[in-house]
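Got some structures for you, see below.
Below are two complexes that have subunit A in common, paired first with subunit B and then with subunit C.
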Partner chain A sequence: MPPAPSATASAAPVRAAPDPARRQAIGRGLFWAATALLLAAVLVQGLHSAGWTGVGFANWRPVLYAYVLWSVAVCASQVLRHGQQGQRALFVLPAFLFTLAVVVFPTVFGLFIAFSDWNLSSFTGRQFNGIDNFVAMLNDPYYWNAMGNMVIYVLAVLVQYAIAFGLALLLNAEIRARKFFRVAFLLPFMLSPVAVSWMIGKSLMEYRFGPLAQAARFLGWDSPAFFATPWVARASIIALDSWVSIPFIMILLLAGLQAMPKDIMEAARIDGATGWQSFWKITFPLMLPVSVTAIVLRIIFQLKLADIVINTTAGGPGGATDTVTSFIYREYRDRSNVGYGTMLAEFYFVLIVIFLTVLLALINRWMKRFPTT
Partner chain B sequence: MATSLPNQNIAARKRPSRQAWGRVIVYALLLFWTFVSLFPVYWTVTTSFKVAADVTQGHLIPWVDFTPQWRGWRSLGLSPETIGQTSTVRDEFLKRFQNSVVISVGASFLAVALGSLAAYGLSRFQYRFGKLGNRDLAFFFLSQLILPPVVLAMPFLVLYRELALLDTRIGIILLYTLTVLPIVIWIMRDQFQSIPIELEEAAFIDGASIWGAFFRIILPIALPGMVAAFILSLVLCWNEYFFAALLTSTNANTLPVMLASQTGSQGVNWWSMAALATAAILPLAIVGILLERYLIKGLTAGAVK
Partner chain C sequence: MAKWSNDRLDILSVDRRRLLQGAAGFGMALGMAGGLGALSRTAAAQDSIRAQILQIPGVGAGSPGDADWQQVGELCLGATKQNVQEGEFAGVELTFMGLNNQNLHNLLFRGFLKPWETYTGAKITWIDLAQADYNPRLQQAIATGTVDFDILEMGAPFEGDVCGKGLASEMPDWVKAQIDMDDYVDYLKAPVGTWDGKTYRISIDGDCHNFNYRTDYFSDPELAEAWKAEGHEGEWGVPRTWQQVQAVTKFLKGKQVAGQDAYGYLDPLKPWGGFGFYFLASRATAYAKHPDDKAWLFDVDTMKPRINNPAWVRAIQDVLDVLPDQPADQLNADPNTTGFQQFLFGTGSMLSWWGDIGSNARTSDSSVIGETIGFDILPGSDDVYNSKTGQWDKLADGPSFAPNMAYIGWGIYVMARVDGDAKKHKAAWSAAAHLGGKDLSLWTSAYPSGFQPYRKSHFNIAEWTEAGYDEAFISGYLASQSNSYNHPNAAIEPRIPGIFQYYSVAEDELAKVFAGQVDAQTGADNIAAAWEKITDSIGREQQIKLYQASLGL
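After this line comes the complex of A and B, so read on.
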């Protein structure tokens, strides 16, 4: 529960509260009453679901309502007790309380699940099994194979970035029908990856009748099986994913290009710089901050890559295209292995946090050395 | 493949200077990528009007090498002659479609409302919640972005079962709101930071309260940014598959789940899959075409500090 926020005033008039002491009392009373209600609801339902008392609700839903009520009371008591500062706090409080509610419980509970042997399809229910899941994870070749694939998929972001930069430059050039091209280039981003898995993965790339397979035959590839051998399958998945996500990087980069000061480019042209020179000496360095934002965002999204893999190859052939997410998805969905799957997920999460922390630290250091920024 | 004939003609008439060739290459590349971007969509839309023979023989252009038929749409119950009759497939489809609309619009709306307020607070005031300052708060919100869905999936499954929210729209809306909230805050914070603070100061002098100034002065200015955040959320929620597949079964599942369940079972019934895919992507394609400039504008503020 958040303690009283104190906001330093910017330029707001100070209004005298009608009866500060009474407002304080009402605010405090409201807060404690709501807290008591919430605790009572938790207590009643907790005892009920533990089987100790007969009194209780059919499910935990009333506790959720109590939490919502409590949140409203917290917001109201902030305003009553702290006036203007409370009103300022009211801006972040709803989002804060919401995120707190939906994130804190799952992460704590997730750790609890991760250290237990729990298969939804078995009747034994949840049993604590210490680090067994962790040991099993260390010896799971498919999990580490999926990790290895993630490295490849993340590296593919750099290729996507290069293509997206090229497209952004094209759109930023002096061209006719710019709006048409912009909409056309953006369209794939709007489409559902599941639909794309079918549209491209399952029909365009289909071995017998798919136009892409036909075109590949025409170009001299005798058996255009896009998902049969590991590297070809990986490349196909990357191609599918790129098709959907390049537009996202492209918009960010295009935004950066359009915000760039025009006179610098003009000056470079007058000084006789070639296109190539002015790109590497001016455009690229100026675009570095935007590029870093785009790449980091894309990497974050790429680490969640699953939809396309699940719906196109289901991880095959032999796990060659598996992402960590799609692997854990199958662990949940097909094997109902909740305990083990959650351990894999939590470990993956820790790795992601470490990876991104290191990555951001390296980027910060590297950006500082760069002369123009 | 795409060609750039008109431009080559122009270039041929003049003396092919360096610059002219440059333009030819630029337009060739533009047309090539337009082809790459649009062909799969074109293919899907046309395939929904094909019959088996057109699929196996690889016919591509309607009225030239195949006659469009309502085959795919009939299987969905959405062709002209079946639209009046009852159709279980259509009811199923419309139910999923409705779920998708309610869930994605609801989640985007909630995320934009919560996120905009938080972003405004973070961009204007100095907070201290115990030891947490503005930077920590912003980090707290934005860091939710890196949370992989697999971490949340199982705890949410258990939590929702206890809360009786499993397979309900409101449950999915709450979850989606959580996943897009960081992006909304990221976009909106930069939006608000780009609005000069003098505007509110003037409003305060005129006697407006903090919330009054926010609603009357700031909100109208920040509206394009909010539209951008809304569209981005809409795209992400409409297309989300992972949570929907795990947390819904019969009542609340969305179009991607329906699409995925049909993918395996249809074989070479491409026309019906194509019709379904077309219907699933059409709404966002329209939104994209109509509101694309807002998206670019909003992300401009987000990406360029």
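After this line comes the complex of A and C, so read on.
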């Protein structure tokens, strides 16, 4: 017969809870010790890298280890100092510290690089050059040409949205083989844009043997060069991008349509509303939150458009299809111009944040005009 | 020119025959005198190995694979065995960084070095890079002081970045002897591969742009008749100068050959990560490279760009002049498209490219021009620009030719980080020497490898025909390369740090010119201004010094 649990429990030595004040002191001590270690590591390696002292590590990796140690110590000290509340903080703190390391720090450090002349081929290495990169950027016709192209690409998102909405409505309707079409329409989204640019841009649309070029000839276009003139090239890039992206918008809108209460549509139908009226007065307003989410996400993706352009046109003809990202790619990768490339990227990042903030504010104001939302 | 080409080849092959005859005769004399004739046997054995490896897998027997590469590597181990004892490098670990383009380069090296690893006991770890990743990976390693490789496959244009910064290991004398450096074609000898008089490079490739043309076009009686009827100058035939290339390209517009639209010269106009600039350079060298001046891209004393001088602007204008006569999608055609989707597919009649076009014309399943392709050195020009006088000169002996040694070929370099460890140092150089071996290089020249012929011994037609190549075809192909390599006015690329930065910026500006946004002179001026900025950014004084060193001045 096994011993009664209570007997076992009572037999076990009872661990006295540590004194709260002592526990807090340990927590504080842990935090400051880890902080001191991290700061010491940064200081030693910083001075060593600057060439001011001969003592230091071969690389910055030990500083990274010190940061990891500090992060663990911060988490542990939270628990020791704040008990249950500290334990709750552990749900967020590791993610925050990770974000700090891989997003916030590189962005801030990027600013440090952005204000320097750092050509990887240079014999002098990185040199602080004040606002030279910023001034160069303001006068860089390639950058602003790419920025102009981005306006066109972002506007194209609205067209993509309209097409995606139409497809979502279609797939939400009672049509034959609906499940098949849902999967089929989603397939392009599963393809890599790089694969799409090769399969479609460089194969289907190839001037000599591409089936799309042949079809265009059959329809009367003598020289179906999809990437040789500015506007045709832009339209072709937008078409390739749309091929990949429309399914993404469509699937978000389809989910929204399926979540929409059916009784409202039923009531509208009984009240004699036409399909057009039902769409504009009920479906569209009810779908606005989903639509805004889909459009904003797509704009964020669109602002990073690069892979299709790099593969298909390399920004040509004459920069007509260039994007900010593909230009930064060339500046950084082909020209090893790290300082200037980083300035372009940081400035673009700030512009995107401002643009999206303003856009969301305007959308919020506009959506308030629709009582149903 | 073709005549001169064959003469040159005869000279090269006679030289080699004489050498072998001499060796055999010397061996016979030793034998008659009671000696063993060891030298004779060595030469015969080497010939046997060369013939043997050329049968792996055999011309027309499909693409070679890893087993073939290992077999070739095994058969070519003789030179290594003379300098290294079996198991001498046991415990040595080396890291090799190179390319994996078209599943060649490093993939071949793995196979070639497998028997070397087995024999020496060393172990190699591989870093494979796509072409597009190569430059940034190398530059980052250099700039951040994180060179994590012992052996590097690298093109000569990067020598300024690596050798100029003291990152490479100097070649020991025993390696020079093992790889028989004297066998290199002239232009690959010093100063190429050297910095401050020290040798760093084992060549495994010899690059130049040659002129590929369609023989059926230039033997077409109807085109000949039309050429005469339209009152063009001279007889219908293969152009020898860029002036003639321009005339032929304009003439062919709107005509048909074998039921297809006829086109003349093809210009690759879409940027290609900097490599597209080589194709404008191939048009420009005949105008810009004066026989009395080694420099053609920058002024030697100041690094002032010459890209906006009348010679280069004329080359850019030439492209613009025939742009309407080229296929409609030419603006979006990069060199790869132009070579492998247009020319090999039967579009266009003239093209400048590396040797790959010739080697693919007959071996690629997608090529339709295997029987109708001819080769020559790049066209010349009736006059050449003299940067020093600012005048166009007409040379007494006819058109000026200046073949473009585009990229100068791949080489193997050992990094300075092995210098502190004698065993590792010898191991790294032994591995590099194995890849750059004389016999092994014959195989890489003859089979898909990504490398062109680059030694005098590669131009022995008899070896190629014995291996199964058609004599007329291979003679023309090799002549176009040997005559480029050995040309007294060859345009050698500056091996200065950041050279691809210059090319990349130029591509962007040229794209605007070709799209009609700016004229040739304005575009060239913009390139010059951008190049000045790059020079200042990298360090003008240092660039001047390295530029002069790269030209051997």
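As a working rule, the second predicted complex is superposed on the first by the 349 of 373 C-alpha atoms of A that agree within 3 Å, B and C clash if a C-alpha of one lies under 4 Å from a C-alpha of the other, contacts with A are read in each partner's own complex, and residues count from 1 in each chain.
Just so it is clear, contacts are C-beta pairs under 8 Å (C-beta built on N, C-alpha and C of every residue); 3 or more make two chains touch, one makes a residue touch a chain.
Source: prediction; values computed, not measured.
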Which partner chains sit in contact with A:P230 here, subunit B, subunit C, both or neither? Use first/second/both/neither. second
Contacts for A:Y142 in the overlay, against subunit B (first) and subunit C (second): which applies, first, second, both or neither? second
Using the superposition on chain A described above, determine whether A:L158 touches subunit B (first), subunit C (second), both, or neither. neither
More subunit A residues in contact [subunit B versus subunit C]: B
Between subunit B (first) and subunit C (second), which does A:R333 come into contact with in this model arrangement: first, second, both, or neither? both
Does the superposition put A:R88 against subunit B (first), subunit C (second), both, or neither? first
So, does A:M367 touch the first partner subunit B, the second partner subunit C, both, or neither? neither
Which of subunit B and subunit C A:A40 touches, first, second, both or neither: neither
Set intersection of subunit A contacts, subunit C complex versus subunit B complex: 59, 208-209, 332-333, 338
Given the complex, residues on subunit B that touch subunit A span 26-27, 29-30, 33-34, 36-38, 40-41, 43-44, 47, 55-56, 58, 60, 114-115, 117-118, 120-122, 124-130, 137, 140-141, 144-159, 162-165, 174-175, 177-178, 181, 185, 197, 200-201, 204-205, 207, 209-211, 214, 235, 238-239, 241-242, 245-246, 255-256, 259-260, 263, 268, 270, 273-274, 277, 280-281, 284-285, 287-289, 292, 295-296, 299-300, 302-305
For subunit C, which residues are in contact with subunit A within the complex? 132, 135-136, 139-140, 142-143, 146, 160-161, 165, 270-274, 327-332, 334, 341-342, 345, 347, 497-498, 500-501, 504-505, 508, 511-512, 514-517, 534, 537-539, 542
Using the touch definition from the top, list the residues of subunit A that touch subunit C in their complex. 59, 117-125, 142, 206-209, 223, 225-228, 230, 233, 313-320, 330, 332-338
Considering the complex alone, what residue numbers of subunit A touch subunit B? 2-3, 5-8, 10-13, 49, 58-61, 63-64, 84, 87-92, 94-96, 98-99, 102-103, 105-107, 109-110, 113, 166-167, 170, 173, 175, 181-200, 202-204, 208-209, 211, 214, 243, 247, 251-252, 254-256, 258-259, 289-290, 293-294, 300, 303-304, 306-307, 310-311, 324-325, 328-329, 332-333, 338, 341-342, 344-346, 348-349, 352-353, 356
